[in-house]
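Below, chain A partners chain B and then partners chain C, in two separate complexes.
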Partner chain A sequence: MSIERREARQPWILLSPALGAVALLLFVPLMFIVVYSFWLRSATGADTVGFHLDNWQKALSDPFYRYILLNTLKIAAITTLLCALLGYPAAYFIARSKGNKMILLLLLMLPFWISYIIRTMSWINILGASGAVNTALMSLGVISSPIQMLYNEAAVILGLIHFLLPFMVLNVYVSLEGIDTNLEDAATSLGATRWQSFLQVTLPLSLPGLAAGGLLCFVLGAGTYITPLVLGGPRDAMFANLVFEAIITQLNWPLGSALSLLLLAVLGALVAIYNRYLGMAQLAKGLG
Partner chain B sequence: MDNSTRYDRLLERYRNGDLNRRTFLGLIGAAGAAYGLQTPFARQARAQSVSQVRFDGWGGVVSEAFRQHAFDPYTAATGINVVDGTFSGGDEYLAQVRSSQEGEYNIAHLSGVFDYARYVNFGLTVELNTANIPNMELVMDALTAAYRRVTPEYLSAVPYNYGTTGLAYNRKYISDEEMKEKGASILIDEAYKGKIGGWSDWRTRIWYGALQTGQDPNAIADMEAVWDAIRSHRDLALKYWGSGAELMSLLAEEEIYVTEGWSGRIAAMQAEGHDIGYYDPPNGFGWQECLFVIKGSPVEACEELLNFMLAPETSIAVAEGQMYPPALDGTKVDLGATIPTLPAYDPTGTLDALTFADPAYWNGNEAEWSETFSRVQRGF
Partner chain C sequence: MAAVTLTDIVKRFGTFTAVQKMSLEIPAGSFCTLLGPSGCGKTTTLRMVAGLLDPTEGDITIAGRRVNDIPIHKRNLGIVFQNYALFPHRTVAENVGFGLKYRGVTKAEAERRVAQALELVQLPHLADRYPKALSGGQQQRIALARAVVIEPDVLLLDEPLSALDANLREDMRVELKNIQKRLGVTSIFVTHDQSEALAMSDQVIVMSDGRVEQVGTPEEVYNTPATEFVARFLGAANILEARVTARQGDRISLEAPGFTQVEIPRSRAPHLGDATAARLVVRAEKLVLMPEGSTADAALMIPATVEAVDYQGQAARYFLRVGDHALQAINMIDIAPFAAGDKVVLRLLPRDCAALPAR
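Take a look at the complex of A and B:
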């Protein structure tokens, strides 16, 4: 075998364990789900094998699924926007702080040490009728009866922000860290105020990090189902809750498969758009 | 030569330099792959000599009582270990069982006759030899008959306990008289808007919708009226709870004043000193639980374990722990002083006072109703 041919094969040989793992753990199960989505659930609950488009027709044309999907995207968008507004100043503060940067980063990572479900449930003890906020306000005489703060859409968004904010801060921080501070100094030496130098130099240069954080927050937010389950009211649901109900409660795996693939396609399209205009490199930096 | 000796010899050859690192790792990898591939078949082959039985239940005090009074004595007597797992809901558990290999799950503490029927529909049954379970003689006939109506030729489960899903209310805000007067309709009373709860289970929502519209839950004539009642409840409710722990938390924290609740959980709250009332309205939701043996299990070993679990000392200890009456017939067995005080307890052994869900009726409508409820819940 020639050296050229051997060299051409080497990357594939080295990649083969990873490709094998991806194929077995991601691609093959995904194909199972694709196949399942064309089956039907019989009246007794057992699956009817075959090629039927009923689940797809339902998932794509039923206004109920469209409404929940749009609501999911709306909640994810609001959460992403708020994460950006809250996360950027925090990331900027960490990136520009001197000396205690590692401690601040450690504090940022600290919530990941606690289960996401427990973190979500902690809001019940904070915002509940007999939670910390209501108890404090009542003992101060500000209110006479508890304010209802939980079990609505606002509580769901709050829970999602709590979950997703560190992802935004980390991505923006990585982006800010890569900006040469001499550029800001140069701008101010040329007469720009600090605010102008931020708006015209720092912010544009950190946008890829903001976009990567936004993408992560949006995708993770749109795919969650625990938060609306714990903090939402009877009506509050996201698309993943419908997938859960179809598969677990209704035992309708074929419909659940079609719904999960629909969500995957929508979020996949978003990632593809991001990749087309910004590339995945920034996302990899933020996650790394 | 056993496997560990083979690996030791391989390691020794590698350390001695007889094998290079790539060959050594390749052989270890191949051995791992071979083990992974043969395991499912080996499990079948080993099925003849049972070394353990898996039991899945609701966890908490129930598991502790089972461990102390049934599992440990059973292991001491038979040498068979009992591995106990927990689940948070019957639907989730059925999904797990369906996606597992035969024999992976053995005995489950299932809820409702409709669950029994669902397992039958999925072909997950075994045929128990009740002669191997002498304690079945002590069980109420009414409970066993419900399962026999689904599988007349055989049983795949033994009844274990029963209870009701009645109305639970905070006595600080709702009097016993008001509750008796309003009954199930209190859950759609505008006066308690934002202080009403409800279980997210579609069956319970429809059952109470039927009661609120004056219909027989086992023969609903006007389903649209039931959906309207569910919509009214949804708009007045603060939260649909999804577990017993959440139910207790919402009531104890006074987030809600009234909801349906499981009799045992409410009794537990009362025992803890909470001033929570419990009322079973006419045609209130009665249910029974069973110990179901799943297809592929070592049947004889399971039968022996079921007999330990049905023994009066075990049944009574579990019942006192979970506060649901046992399936044992009070006219045949002395159930002690505590059991007769539990909610829903029937001293006659006939269960005539309770209304149970007709499994054929409810399972026949499951596909349509569970999906429609999902829509109604979200504002449709």
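Take a look at the complex of A and C:
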């Protein structure tokens, strides 16, 4: 075999274990889901095998599903916006701090060492009827009976921010870290104030990181079901909860499959739009 | 008149003192160079003039105005950074015009001045390109155009040539100096490269360990170094213990034991005073190797042995032994260099020697 051919094959040899795992564990199950989505659930016994569009028709036309889908996108959008507003200054601070940068980044990673479910449930101890906040307010005499702070949309958004903020901070941090600090100095030396030089130079140059962080927050936020399950009320269900409900509670795999593919398609379209205009390279940078 | 004055400037970072009690006057319209090894405080000094760092003590005045409490964006300075610091998301014309936006210049006037600045650096055809599409030398010129288009009171240049390769660096050095002369803008240039400093400056400020070692024209600092540091930093120098044996009129006789006796002009020892103990400074370029047995008039002829040769193409650096002294010489090569082990004589003109006070 010629050297050229061996060199051309080498990347594929190195990639094949990972590609094999992805194919077996992701692609094959996904194909099962696609096939399932065209079956029909029967009230008794086995599902009806075949090519039926009923599940898809229900998923696409039922106003309840459409309402939940729009609500999911709305909650994800609000969460993403708040993460950007909260995360940008934090990322800026870390990127511009000297010496203790590694400790700050470690602190940012620290929550990942605790299970996401535990982190979400911890809000019950803080905001619940007998949680820290209510207990403190009552013992101070500010309120006489507990305030209802959990099981509403605000609690869901709070929980999602808690979950997603590190992703935003990391992505913005990486892009800020790549910006030469001399650029801001150059801008101020030319007559721009600190704020003007931030708006004219640093902010536009960090937009790719902000967009990458935004995409991650949005996609992860829109796909979650644990946060609304733990912190939301009955009216705060998100789309992944419908999938959970269909498959785990109703054992309706065909409908659950169609719903989950619908969410996949919507989020996939968003990623495609992002990739079209900003490219995936920045996202890879932020994750690495 | 001084365009920039530093008075008793001290800069401390925690317990580290980067600049110690520095006072300096930069004459208007001049090209002054802060020269020294890395860590000598030259960049710190420049950044304090720029307003990027605040001095711990002392005053800075620019064009007669005390600027200690004036933020950088109100100081009207042009800064050229080592890595150029061009805005990557702006075109060349937008980069050059950036500072004009904050100076209430009309759009037409701004366009005219940007075009003029690009003309000055000979790159008018690149106005619509992005910095990424330019070579290092072109980026350097655009950075210069951006800094001078605002007609700054002082132009600050922080090692602007060090990122360029050797040949381009020498071209840019000539061009930079020409542009500075044409505009007549007071310039402070920071470098660790002695040949850049000597070639470009009206005045060289040699710094070491946060202190000014010497201020003078390139010839002054090269020919009559005030300290051993200056003598060693500006080219290779041989420094030998010596004592003054006689002072007659404008001449001083020195004896460097084991090397030679020499009578030098008093002007070559301005820092010696009346001391007897001295050090003799002999530049490596001034020791000329000649074949054994050569003679010359009005020159000292000192027998020596070549111990090693460092071949450099057009020149060679020789490591020599004269008695107990190890000396260095740098000579142009005539046909072929001398070889290690050769017996030679060193021709030295007394007027090429300088003297420093003893340590």
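Definition applied: the second predicted complex is superposed on the first by the 273 of 288 C-alpha atoms of A that agree within 3 Å, B and C clash if a C-alpha of one lies under 4 Å from a C-alpha of the other, contacts with A are read in each partner's own complex, and residues count from 1 in each chain.
Keep in mind that, in the parts below, a residue touches a chain if its C-beta (ideal position, glycine included) is under 8 Å from a C-beta of that chain, and two chains touch if they have at least 3 such contacts.
Just so it is clear, the model here is predicted, and its values are computed rather than measured.
Enquirer: Quick check on the chain A-based superposition: chain B and chain C, clash or fit?
Expert: Partners fit side by side after overlay.
Enquirer: After superposition on the shared chain, which partner residues are touched by A:124: those of chain B (first), chain C (second), both, or neither?
Expert: first
Enquirer: So in the superposed three-chain picture, is A:18 touching just chain B, just chain C, both, or none of them (first/second/both/neither)?
Expert: In the superposition, A:18 touches no partner, neither chain B nor chain C.
Enquirer: Give one of first, second, both or neither to describe whether A:140 is in contact with chain B, with chain C, with both, or with none.
Expert: After superposing on A, A:140 lies clear of both chain B and chain C.
Enquirer: By the touch definition at the top of the document, which applies to A:102: first (chain B), second (chain C), both, or neither?
Expert: Neither: A:102 stays clear of chain B and chain C.
Enquirer: Considering only touches as defined above, state whether A:186 meets chain B (first), chain C (second), both or neither.
Expert: In the superposition, A:186 touches chain C alone.
Enquirer: Between chain B (first) and chain C (second), which does A:3 come into contact with in this model arrangement: first, second, both, or neither?
Expert: neither
Enquirer: By residue count, is chain A touched more by chain B or by chain C?
Expert: Result: the larger residue contact count on chain A belongs to B.
Enquirer: Once the structures are superposed on A, label A:247 by its partner contacts, choosing first (chain B), second (chain C), both or neither.
Expert: In the superposition, A:247 contacts chain B only.
Enquirer: Using only C-alpha atoms, work out how near chain B sits to chain C after the chain A superposition, in angstrom.
Expert: When the complexes share the chain A frame, the smallest chain B-chain C C-alpha distance is 46 Å.
Enquirer: Quick one: which bits of chain C touch chain A in the complex? Just the residue numbers, please.
Expert: For chain C paired with chain A, touching residues are 50-52, 71-79, 81, 83, 85-89, 98-99, 101-103, 146-147, 150.
Enquirer: Over in the complex, which chain A residues touch chain C? Could you list them?
Expert: Residues 180, 182-183, 185-194, 196, 200-201, 204-205.
Enquirer: Report the residues of chain A in contact with chain B in the complex, numbered from low to high.
Expert: For chain A paired with chain B, touching residues are 41, 43-46, 64, 67-68, 124, 128-130, 148, 150-151, 229, 233-235, 237, 242, 245-252.
Enquirer: Tell me, which parts of chain B touch chain A in their complex?
Expert: Per the touch definition, chain B meets chain A at residues 89, 91-92, 94-95, 98, 118, 121-122, 194, 198, 200, 202, 234, 237-240, 242, 249, 253-255, 363-364, 366-367, 370-371, 374-375, 377-380.
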